[in-house]
Amino acid sequence: MKISCDIEVRHLSRVEGHGNIRISIKNGQVREAVWEVVETPRFFEAMLVGKLYENAPYICGRICGICSIGHTLASIRAIENGFGFTPSAQTARLRLLLKHMETLQSHILHIYFLAAPDFLGVGSVLPLIKSHPEVVRRALRLKLLANEVCDEVGGRRLHPTRTVVGGFTMLPDRDALGRFHQRLRAGLADLFASAELFATFTFPAFTRETEFVSLRREGSYPFIGGELFSSDGVRKKEHEYRAMTNEYLAAHSTSKLSRLSRESFAVGALARLNNNFAYLRPQAAAIAGEFGLGPVNHNLFMNNLAQLVECVHVVEDAIALIDELLTDCWQEPRQAVTPRAGIGVGAVEVPRGILYHCLEFDKDGRIRKADCVIPTSQNHANISKDIEALAAHCVAQGKSDKETELLAEMLVRAYDPCISCSVH
Amino acid sequence: MVELINPGMSLFAKKPRGREEDDLFHKAEITNVYPMTATEKLYQIQIIDPAARRGFLFKPGQFIMLEAPGIGEAPFSISSAPSRLGNIELCIRAVGVLTRFLSRLERGVMIGISGPFGTCFPVEEMVGEDVILLAGGLGIVPMRSPIMSLLENRSRYGRIDVMYGARRPSELLFGYQHAMWRQFDIGLKVIVDRSEPGWTGPVGMITALLAKRLAQGERSRFGNATNAIVCGPPVMFKPICDMLLEAGLSMEKIFVSLERRMHCGRGKCCRCNIGSTYTCLDGPVFDYWSVLNLKEAI
Amino acid sequence: MSDAKSYLGVPVLRPRVGFFELTSCEGCQLQLLNNEATLLDFLDLVEIVNFREGMKESGDNYRIAFVEGAVTRADEVERLREIRRNAEMVIALGSCACFGGVNQLKNRFNDPAWVKREVYGEYPIDSQAAVPLAAVIKVDLEIFGCPVKKEEVERIVTNLVLGKEVKHPKYPVCMECKAHENICLFDLGEPCLGPITRGGCDAWCPSNRLGCWGCRGPAPEANVDELRKIVARKNIPLERLLDRLECFGGFGGEADAVRKELGGLK
Amino acid sequence: MIFKVLAAGELEKFFELLVVNKLIGPVERGPAVDGRLLFDFAEVAEIAELRLDFTQTVHSAKKYLLPYLEETGVFVMEGSDWEKRVDYGAHQPLVLFGLHACDINALNKLDKVLLAEPYPNRFYGAKRAAMFIIGHSCRPTPACFCRSMGADSVRHGCDLFLTPLGDDYFVEIMSSRAFHIMESLDLREPTRRDHKRFQEQAKHRGNLLTAEVDATDLTKILDMEFDSTVWNEWGRRCLSCGTCAQVCPTCYCYGLEEVVALDLAKGAKIRQLYSCNLLDFAEVAGGYNFRPESRTRLKYRYYHKHRGFVEAFEEPLCVGCGRCGTNCLAGITVPEVIASVRRGEVENG
């Protein structure tokens, strides 16, 4: 039986941002198994202090290159909540459509470009261009579709330009929306083909019971606003997010960490799926069924599949949203908002889990204090705990260092961590 | 309902879609490339279509627009003798996007040329008279065509002087032809700003050459029957032309070639305008009288 | 992937390129993956030997290094110097690398310790003022933008591969904005840095009815004084102009001057 | 020229006759913060979109002849060789419905230079010949100084010109094409009353033209004032942004750029409308710039329009539409600039 192992992965690849994995096992004892976040901090929360409210969505969008739309929307929601403003139904629909397409493009990027190479035994997507051209093309097609909808609705796929407090600077072209409707339908077929591909992958059978946190709203699979919910039974209001996140600092990490009922908890696609399974759109639910994914699933490797299920869900939902948008005539893109003193919180489900922005304003709408709690920072503690358990599990099974290293990498990647975002 | 027929189509039916932009555009092959200095190369170019090649009539001082597909298009003076028609020579200094790319091309590559464009040095009108040619730096390039033209008809002209200044000996262009020019009884004087090992000629500014020539007591030979052609960097024009005027040349007989940014060569892009004057249509060759009447010309 | 390419008879070698990120959102790198429609052609043009965000393999034998992000910590200085040693050409990718980007917003506070405390409390954290790459190493080419525009990156890379010089427009964003026939943001009562910001983004923001924030930095000879007068004439608070001037770091000096006039910060 | 009167209801019929073609007309873009309505030319499918009561479009109609960006050649590469394809971009006739006198005159001025021999611009020529232009009398704005530029009325350059007389339209038919198209409409001969109403209308419009430029001896004055210090002040204000040229119906300077496709299989030559106010307009190889300061560039724009063009064509390259001044953020307007040159000083603004 194998009793020792030493693994060090510096700057894990195919994840967003910089993190290291260190595992050290001596005589069958796990002496160290850590997920270390070494990303450089950027101090967004300080940057915002003294700025007029309108800067927050623009600057905070720059927290993350993948989910800039989510950050922008979270800031906008925090501001609107703080000013007691409710966006119009049209604005809400367009924002959700935009959010969905970000989810789609981010999930596709993750499952195809970052995760799939592990399952196909290659180091990156590059060799797949030759060996699996149709797979790469399908992925690109889906990502392109999602990105083009983002361009049309948000003005830009990355660091959106049309999203502002009160609504949008301008509205999408109705004919373009009609065309996207058709392409989204075709996109569903691509997603089913993706499901077939993923059904051929073997996911490690590794479970560790954990607590799952997400938004929850009766009757829907929520992405923007709602109640805060944990699979251990904690329920809080949006503005009580601090009671849900309990951030703390620790050595070996420039990111803050979170805990709730236990030492750690998980957010993200699997958490959402576990907590809101009943509200999945029909075809998404069907695919989840085929994968045997149901609440409460404690295998974090399955997050990859949960993402795929969510892709189907957001596409189905986007089709419905476009139907609704095209039924009504366009109203004014943007409504006026009046700043007032107070605190506002915006909770948004971004691809990697629940994101909170909290902003405190003076009476002119100048920001006095800002707080952003990022999904990946909420996951970090859970990742560490998972690695520890995985290491023990591997030792018990007598896996080689190489195998253990790969599994550990795959596990971290399964969370789809957005590290630079977590150290914002 | 009235569907208008497309009158544009009929008006320009001679040039339907898919054809060249206008009759002035020719595909040409780079038949030879010779490095001349560290930055200049001589390109021999042949227009592909034989009829177009034979019909390519130009005058000394005129230029073409050279286009390398996808890379750029710019004006270049034709540096060969007009009698060579569509077998032209260009001497090009690698300074920017197009010219640096050109410097990497080998023989056999196809490029596009349009032209010839612009005004010329009126060598025909100088028959029977003296000509003094003053070139600074790259100015020798547009000068070579009139020189060749004068050589080919050497007996029809009086005294011919060429004064050529370069920054250093290694930057001298067409050195291989200097001996030949002299053989044709051309008074060629070369000067460099800075000497290099092996250089035995004079060192200084081109104005020194001219001053020396003027001081040789041959002033009497200057006057209404002497023509001057001046090419070079803008800073060179004024002092030289002033000296020539001083020596008695008439303004209408001093010709300069001006350089401007050009994007079309056809009087349409405005890039080369000096006031209402298009360097490409009304120039690049101007007599000095016209230049003095142009604001900001030199 | 085809091996030997040529253009106008000039052989075109696929350069080995590496992508690196310092302090940033990594969005500019992602913009490359966002080139779905042309990604395969792009990959055919260059050989990627280092791209941590997208691949596991890595090598130091790159000729061109694209570096994203600002420098904010000693280890980044080291990493950047190493990249400089390995690469023939270092390209600053995006506004963080060119000017410090949003990261340099923290530099504007007089008290760096306060900045750290505001986010991390008393917990010790290592971070220096955010500076652009050029403050540390020699940069061969800058690609501006937050984010960079993929069409522009493609054009630049094509030119690099061809050995055709890369030139940035010298005109401001207004030029491209007018070509789109957008309504001028000032006519909508919004501030816009379009008149002083380097063009080349095809007026990305104004075309979406958002005033330009100056992410590409100043156009050569930007007339900031006149823009200040315009903003005053249009009754737009100077503070809103400042927000934009200082956002990405390209207008450092001008932003400092305005800030001083408005009465400083912590 | 033939004069007719078009009955009130017939305009819609006329529009319907033409709309099978690509039809361009003034449309509303929305209000500015100061309440001004903004208009531009755009493709129109229904007469209701057409705002014939427009004051002035922000951008001129020149884009239909001189697009901001135009591919003037595509190269399909084959090794060291290639094939060049040129498309003048005049694929279908274009109906321009509702151009004001100044804009029609602007096209006439562009014709003079762009269609001039020996090298007419075929891209422009093909599109120009494929145009059917319907003029419409205007509602002057305080910025219009077209009368000073002699561009307030139209004698040629369009197919017909409409002037509303109450509900009817006074029609000046200027081409046989227009005559034939209008045959099926209910046109009547103008009565004396119609002519009188037409003249009254013209007079009323004339009264609204308040801005002026004193163009007497302007070329000479510009010549003498070449070194005037007023340019320093205008240059200090100018943003070198090129907006004035972009919106101007008569500015036609351009730049060229060549690009290679990502797969290296194609190249293209792209023409971009440029402006002499831009920093690098007069830069030549080696980095030398003939007009490095904004004051010399701005001055050049005025000299080209009001001196150089006059010398060449006996009319200024300006129709007095006032667009450049209205859209210049720095508030640099032609009447003020020219007045300042005459006066020798700039008034504070």
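Each chain gets a letter, A, B, C and D, in the order it is written, and its residues are counted from 1.
In this text, contacts are C-beta pairs under 8 Å (C-beta built on N, C-alpha and C of every residue); 3 or more make two chains touch, one makes a residue touch a chain.
Predicted, not measured: the structure shown is a model, and the values here were computed from it.
Asks: Out of curiosity, which chains are bumping into both chain B and chain C?
Replies: Chains that touch both chain B and chain C, as defined above, are D.
Asks: C-D or B-D: which has the larger count of contacting C-beta pairs?
Replies: B-D
Asks: Taking the mean of all protein CA atoms as the centre, name the chain whose own CA mean is closest to it.
Replies: C
Asks: Name the chain whose C-alpha centroid is farthest from the C-alpha centroid of chain B.
Replies: A
Asks: Once you find the CA centre of chain A and the CA centre of chain D, what distance in Å lies between them?
Replies: Roughly 52 Å, centre to centre.
Asks: Counting in whole Å, what is the centre-to-centre distance of chain B and chain D, each centre being its mean C-alpha position?
Replies: Computed from C-alpha means, the inter-chain centre distance equals 37 Å.
Asks: For chain A and chain B, what's the span in angstrom between their mean Cα positions?
Replies: The computed centroid separation for chain A versus chain B comes out at 65 Å.
Asks: Residues touching two or more other chains, restricted to chain B: which are they?
Replies: As it turns out, chain B has residues touching two or more other chains at 68-71, 96, 108-110.
Asks: Among the residues of chain A, which are close enough to touch at least two other chains?
Replies: Not one residue in chain A touches at least two other chains.
Asks: At least two other chains touched by the same residue of chain D: list those residues.
Replies: 77, 80, 82, 259-261
Asks: Chain pairs that touch, all of them, please.
Replies: Those chain pairs satisfying the definition are A-C, B-C, B-D, C-D.
Asks: Provide the residue numbers of chain C that touch chain A in the complex, in ascending order.
Replies: Within the complex, chain C contacts chain A at residues 1, 21-31, 33-34, 36-37, 39-40, 43, 48, 51-58, 72-73, 76, 101-103, 105-106, 109, 114-116, 118-121, 123, 125, 127, 130, 146-147, 204-205, 208-210, 213, 239-240, 243, 247, 265-266.
Asks: Quick one: in the complex, what on chain C touches chain B?
Replies: Answer in residue numbers: 7-10, 162-165, 167.
Asks: Quick check on the complex: what are the chain D residues that touch chain C?
Replies: Listed in rising order, the residues are 29-30, 32-34, 36, 38, 40, 58-59, 63, 68-69, 77, 79-80, 82, 236-243, 246-247, 259-264, 272-273, 275, 278-280, 294, 327, 329-331.
Asks: Spell out the part of chain D that touches chain B in their complex, as residue ranges.
Replies: 16-21, 72-73, 75, 77, 80-82, 84-88, 90-93, 95, 113-114, 116, 119, 121-122, 125-130, 132, 177, 181, 226, 252-261, 266-269, 274, 276, 281-286, 288, 290-291, 296, 300, 303-304, 307-312
Asks: Inside the complex, what are the residues of chain B that reach chain C?
Replies: That would be residues 68-71, 96-97, 100-101, 104-106, 108-110 of chain B.
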